[in-house]
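Same chain, two partners: chain A is paired with chain B first, then with chain C.
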Partner chain A sequence: MSERAHLAVVGAGPAGLAGALAAAARGVRVTLVDAAEQAGGQFYRQPARALGARRPEALHHQWRTWERLRDGIDRHLTAGRVTHLTGHHVWCVQREPDSFTVHALRGPAQEEGVTVRADAVLLATGGYERVLPFPGWTLPGVVTAGGAQAMLKGGLVLPGRTVVVAGTGPLLLPVATGLAAAGARVAALVESAGPGALLRRAPALAAEPGKLAEGAWYAGRLLRHGVRTLSRHTVVEAHGTDRLEAVTVAALARDGRTRPGSARRIPCDTLAVGHGMLPHTDLAETLGCTLTGTAVRVDEEQRTDVPGVWAAGESTGIGGAALALAEGHIAGRSIAARLYGAVPDPRSWAAAARARARQRAFFAALDPVYAPPAGWADRITDDTVVCRCEEVTAGQVRTAAGPLGAGDLRTVKLLTRAGMGWCQGRVCAPAVAGLTGCPLTPGRRPFARPVPLGVLAELPDA
Partner chain B sequence: MNPLELARARPDEAFTVTFDGRPLAVLPGQTAAAALWAAGVTAWRSTRGTGRPRGVFCGIGVCFDCLVTVNGRANQRACLVPLRPGDEIRTQEGTGRDHE
Partner chain C sequence: MVGAACAWYAARAGLDVRVVDRGPVAGGTTGAGEGNLLVSDKEPGPELDLALLSARLWAQLGDELGTAFEYEPKGGLVVAATPDALTALHAFADGQRSAGVVADPVRADQLPSLEPHLATGQAGGVFYPQDAQVMPALAAAHLLRASGARLHTGRTVTGVLRTADGTVAGVRTDRGDLHAPAVVNAAGTWGGDLAALAGVRLPVLPRRGFVLVTEPLPRTVRHKVYAADYVADVASDSAALRTSPVVEGTAAGPVLIGASRERVGFDRSLSLAAVRALAAGAIGLFPFLERVRALRTYAGFRPYLPDHLPAIGPDPRAPGLFHACGHEGAGIGLAVGTGQLIAQRLTGKTPELDLTPFRPERFESCEEHETSGDSEDFKDHDTDGGDTP
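For the complex of A and B:
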């Protein structure tokens, strides 16, 4: 190789930054490609610079880790070992005989095509939130829990004055405490999991004392902000005509049904709701990487089964920032060795491998605790819109799977248009799967985001 | 307490855009969605089929629910689109192309 090997890292969150750092420190030239204006990803999303935040850490957790990542990347940027392409929305990674081409769109309207050639690719594309429908979930004022947090961290704005945070999963805690700290009145934190489910998995969870301390810290914050937690409860309906005015919550019985007589109405102008996360796998799928379930399959070195393509972080399975950091670090070291024709020694990253194993075990134990409550799909009324883009109702989806006999998501889509709209089924696919009993299969989207025809027309013939 | 106080923000000077013809103060760096939220606006689109109001849902560019028309260009994701002084934001009706 006449010049230094070149790695393209897609995504500048914890996994991508850790991978870039590890590879750059070992002589690899790195181009970091990310959609945001600043590094950080969703977990470490930074306030826009012009907002002049002098205490951004007030919106964040584990700020020291962020400072280490940021300072490390800054040193490599200054030394010219890392190039950071901000505001670049990657829509496809193409495999060539000896290299890869990363295709991105940039500019405020994302209309300008840009390509980056590289010898290897690290996919650190992160994840997005799963939200399961309920009557009223399309009303303005109903937002995803992560979305409320992203708007707060990035734009320093609140969605409303009185917020109910609901759904299931560990994300709800930081969202509720973050909104409360920023001045919102959090009327309730509604979690469908019960404390008993956590206790039953106590041994697995206790193996990660840091996480337990974190949970206790959040509990203290909730108490301090006077947030009442309704565990083993769910939102059964959001009310309002042109915007959210209240939600009805109800207690859940062990079988997942709501307890008769337990329904109560909570006035609010915002509902921040989420039911866990899903990996972003579009780029991996187009490259031909094998998935396990909804996540990219990787080996001990974080390699996918496509030579030259590594993956780390939420795209390989939801497990949080600490896991993403460990996976990114391992990927970066593996890439640095392999790009120079060496076989890496896993003992050199033993600490990261132990952290990875611990975090994976922890999230594997959490997963069943924070599964959506049994019977959630039965509570979706027929007139509830399930596909938000194409305005397809639960009744139409049920008809497709019942009388019309659709047996997979693709057939349901062809019959109803559910999943055919702007978001390409990213939002509705889990709900359609739950309503129909079809398995949640990967979306197989050749383009990870909408691409102007002019950009496609300018591509050289393959 | 508000988010700007919490983060001890000292924003650059605000500028003005319009939303459906009305003036809207914007802090530099805020996206269209953030500026609209700051002004208490939560809906700026009506759906193609049933004409129902929509605004931010995912907040990170995945769901396309927050589509808005800026300077005559329809279907921009409000949660991503930056603003400049004098920009004209309009509520997007349906496809946003009905008047073309």
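For the complex of A and C:
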């Protein structure tokens, strides 16, 4: 090879950065492509800074990791071994006989086409939030948990706002803590999982003491801010005429139904909801990578089953920043070896492999705890809009699956338009799956982003 | 779609009908194509006759089942960019007119009133008021429901039951046998496999097509619009019409652009060359589309037979077996005519159209040449509209 082997990394979150660093340190030329304006991904984009002037102890370790990563990348950037394309939205990665073309959009309106050629690709596109509908969820004032985090970052959370944080999953704790620390009044943290479920998983969870300490730290902060935690509770309805005014929450029985008489109203002007995360897999699917469930399938070296394509971080399964770092590191080392025709020695990344195993076990134990409560779909009234892009109601979805004979998500989409709009079903697919009893299958989305026809028409020859 | 139409007309003719599909409703090519009901792209011949019959039936269904499947008799506009192309288009339209097609010439200066956003500088066009459109998946689902036929989805046909004398007596499925004196093969692109289960050969092959779907727009494209490009084949001194992709607005807002044509087997992987050709063709007609975004693209596999005509009617090689498949790029449009003809045959009536050109056994004598790879077509990223080759 006359020129140095070239790796394209899509996504500059923990996984992508760790992969880029590991590969660049071993002589690979790297181009990092990311939609955001800054490196860091979901996690480091929301630094501990947002939680107050003093850096919280529990995050200190990860903050140092971030600084090390950033400094390492900076050195390679200066040396020209790594190029970072910020504000580049990748809409497709195309496989050619012995290379790859990464197709991206840039510019203020993502209107300009850019292509990057590479010998190998690392997909580190992370995940996105799952939000399940309930009556009133489309009211202004209802935001996603991640959206609330973004409001924090933009300084948009005004002290005096009354917020309810609701849903399920480990993200709710940091979100509630962050909001409280920024001066919002957090009226309640409503978590559908019960504390007992967590205890039953104690052995697996105890294997990851750092995580538990982190959780305990957040819980302590919540107490200090006087935030009430309602576990095994759910939001059954959001109220308001023009915007959110209150929510009704109710206690959940073991079978997932709400306990009669337990409903109560909590006045609030903001509701931050989240029901966990789902992996971004569009680019991988179009490349032909096999998925397991809703995540990209990888081997011990983080290779997908398409030669030349690696994946790391939350695109291969939801598991937090530490797991993303470990997977990215392993991927970067494997790529560096394989691009130069060598077989990598897994012993050289033994520490990262151990961290990966621990984190995966931890999240595998958490997963069932934070599953949406049984019966959530039954609480969606027929007139509730499920697909916001196309304004399709739960009633229409139920009709498609019943009398009209749709047996899978794709047919429900064809018959109702649920999932055909701007977000291409990223938001509504889990809800439609729940309503119809169809399995949540990843929707084929050849374009990971909407592409101007002018860009398509002027694509270079393959 | 074809199975749904057969069920509808057979049930209306008084037959007891069961519909078996291994997938959901509209899970095959019907859910992966477009709903152009075109007469404009067909030259005089048996396919055009079937298209004209179907156009009449679709209009009746549109009245009967209302707006359930977005039937829109909006008409098609074929435009010619050059005087040569216009001359060819007019000659083509003359032939169609004598076969019963309504084809109104449109002068260049009249084009903007029909399509205000059309690229300027066209030589002229022809307007076809009989062209219409439906939403195929909705059409199939609603026809099936309205037919009253019993629907067995998620059930795979694994064999065709035959009596000692060879007469077809029903189908074997992965969930039990279904007995019936008549079996209609409406398995589309998989129709050849189904025929094989009955021991007969029907060389149905897949032809891939991509469609581009844009973000929702206010009504900017009013009709089905496509370009007719005159392609002179100097060597053979023959002329053929080539069409660019059909651009059409939909009731729901998005503009559909389709479809490409490639023979690549059942390969679903994205072909950027195909979508590039679609985008370029559409922008050529409507320059404003350059800045409009494509939200998605999808591919389907048209069922085609070597002579590009469907197989419709009884199979003398397997008494009791009827075929209704192989409609290539026009199976939505031609479905209702096909259903009507099949129902007429099933009930012993004389079909409205002569079924001879559609005889399923017509490939008995020909070689397997088509199955071995179509090299001349293999790489073309030709686009076409109503999909007649």
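Keep this in mind: the second predicted complex is superposed on the first by the 436 of 462 C-alpha atoms of A that agree within 3 Å, B and C clash if a C-alpha of one lies under 4 Å from a C-alpha of the other, contacts with A are read in each partner's own complex, and residues count from 1 in each chain.
To be clear about the criterion, a contact is a pair of C-beta atoms (placed from the backbone, for glycine too) under 8 Å apart; a residue touches a chain by one contact, two chains touch by 3 or more.
Only a predicted model underlies this, so the values are computations on that prediction, with no experimental measurement involved.
**Student:** Taking the superposition on A as described, I'd like to know which of chain B and chain C A:Ala79 touches: first, second, both or neither.
**Tutor:** In the superposed model, A:Ala79 contacts neither chain B nor chain C.
**Student:** Touch check for A:Gln42: first (chain B), second (chain C), both, or neither?
**Tutor:** first
**Student:** Which one hits more chain A residues, chain B or chain C?
**Tutor:** The partner with more contacted residues on chain A is B.
**Student:** For A:Trp422 in the superposed arrangement: first (chain B), second (chain C), both or neither?
**Tutor:** Once the two structures are laid over each other on A, A:Trp422 reaches both partners.
**Student:** Counting only touches as set out at the top, which of chain B and chain C does A:Arg444 meet: first, second, both, neither?
**Tutor:** Only chain C; A:Arg444 stays clear of chain B.
**Student:** Under the stated touch criterion, which partner chain does A:Arg243 make contact with: chain B (first), chain C (second), both, or neither?
**Tutor:** Touch status of A:Arg243: first partner only.
**Student:** Applying the touch criterion given at the start, work out whether A:Val343 contacts chain B, chain C, both or neither, answering first, second, both or neither.
**Tutor:** The answer is neither, since A:Val343 touches no partner chain.
**Student:** Tell me the contact category for A:Pro403 with respect to chain B and chain C: first, second, both or neither.
**Tutor:** Second partner only.
**Student:** Which holds for A:Arg388: it touches chain B only (first), chain C only (second), both, or neither?
**Tutor:** Only chain B is touched by A:Arg388; chain C is not.
**Student:** Report, in rising order, the residues of chain A that make contact with chain B in one complex and with chain C in the other.
**Tutor:** 390, 421-422
**Student:** Help me check something: in the complex, which residues belonging to chain A touch chain B?
**Tutor:** Contacts found on chain A: 35, 42, 47-56, 58-59, 108-109, 128-129, 131, 138-144, 146-152, 154-160, 181-183, 242-243, 269, 388-391, 421-423, 426-427.
**Student:** Looking at the complex, which residues from chain A come into contact with chain C?
**Tutor:** Those in contact with chain C are residues 92, 94, 103, 111, 286, 288, 390, 400, 403-408, 410-411, 414-415, 417, 420-422, 424, 444-447, 450-454, 456-459, 462.
**Student:** Mind listing the chain C positions that touch chain A in their complex?
**Tutor:** Listed in rising order, the residues of chain C that touch chain A are 23-27, 31, 137-138, 141-142, 144-145, 151, 153-154, 212-216, 252, 254, 257, 268-270, 272-273, 275-276, 278-280, 282-283, 289-298.
**Student:** What does chain B use to touch chain A in their complex?
**Tutor:** 1-12, 27-31, 33-34, 37-38, 42-43, 47-50, 52-65, 67, 73, 76, 79-82
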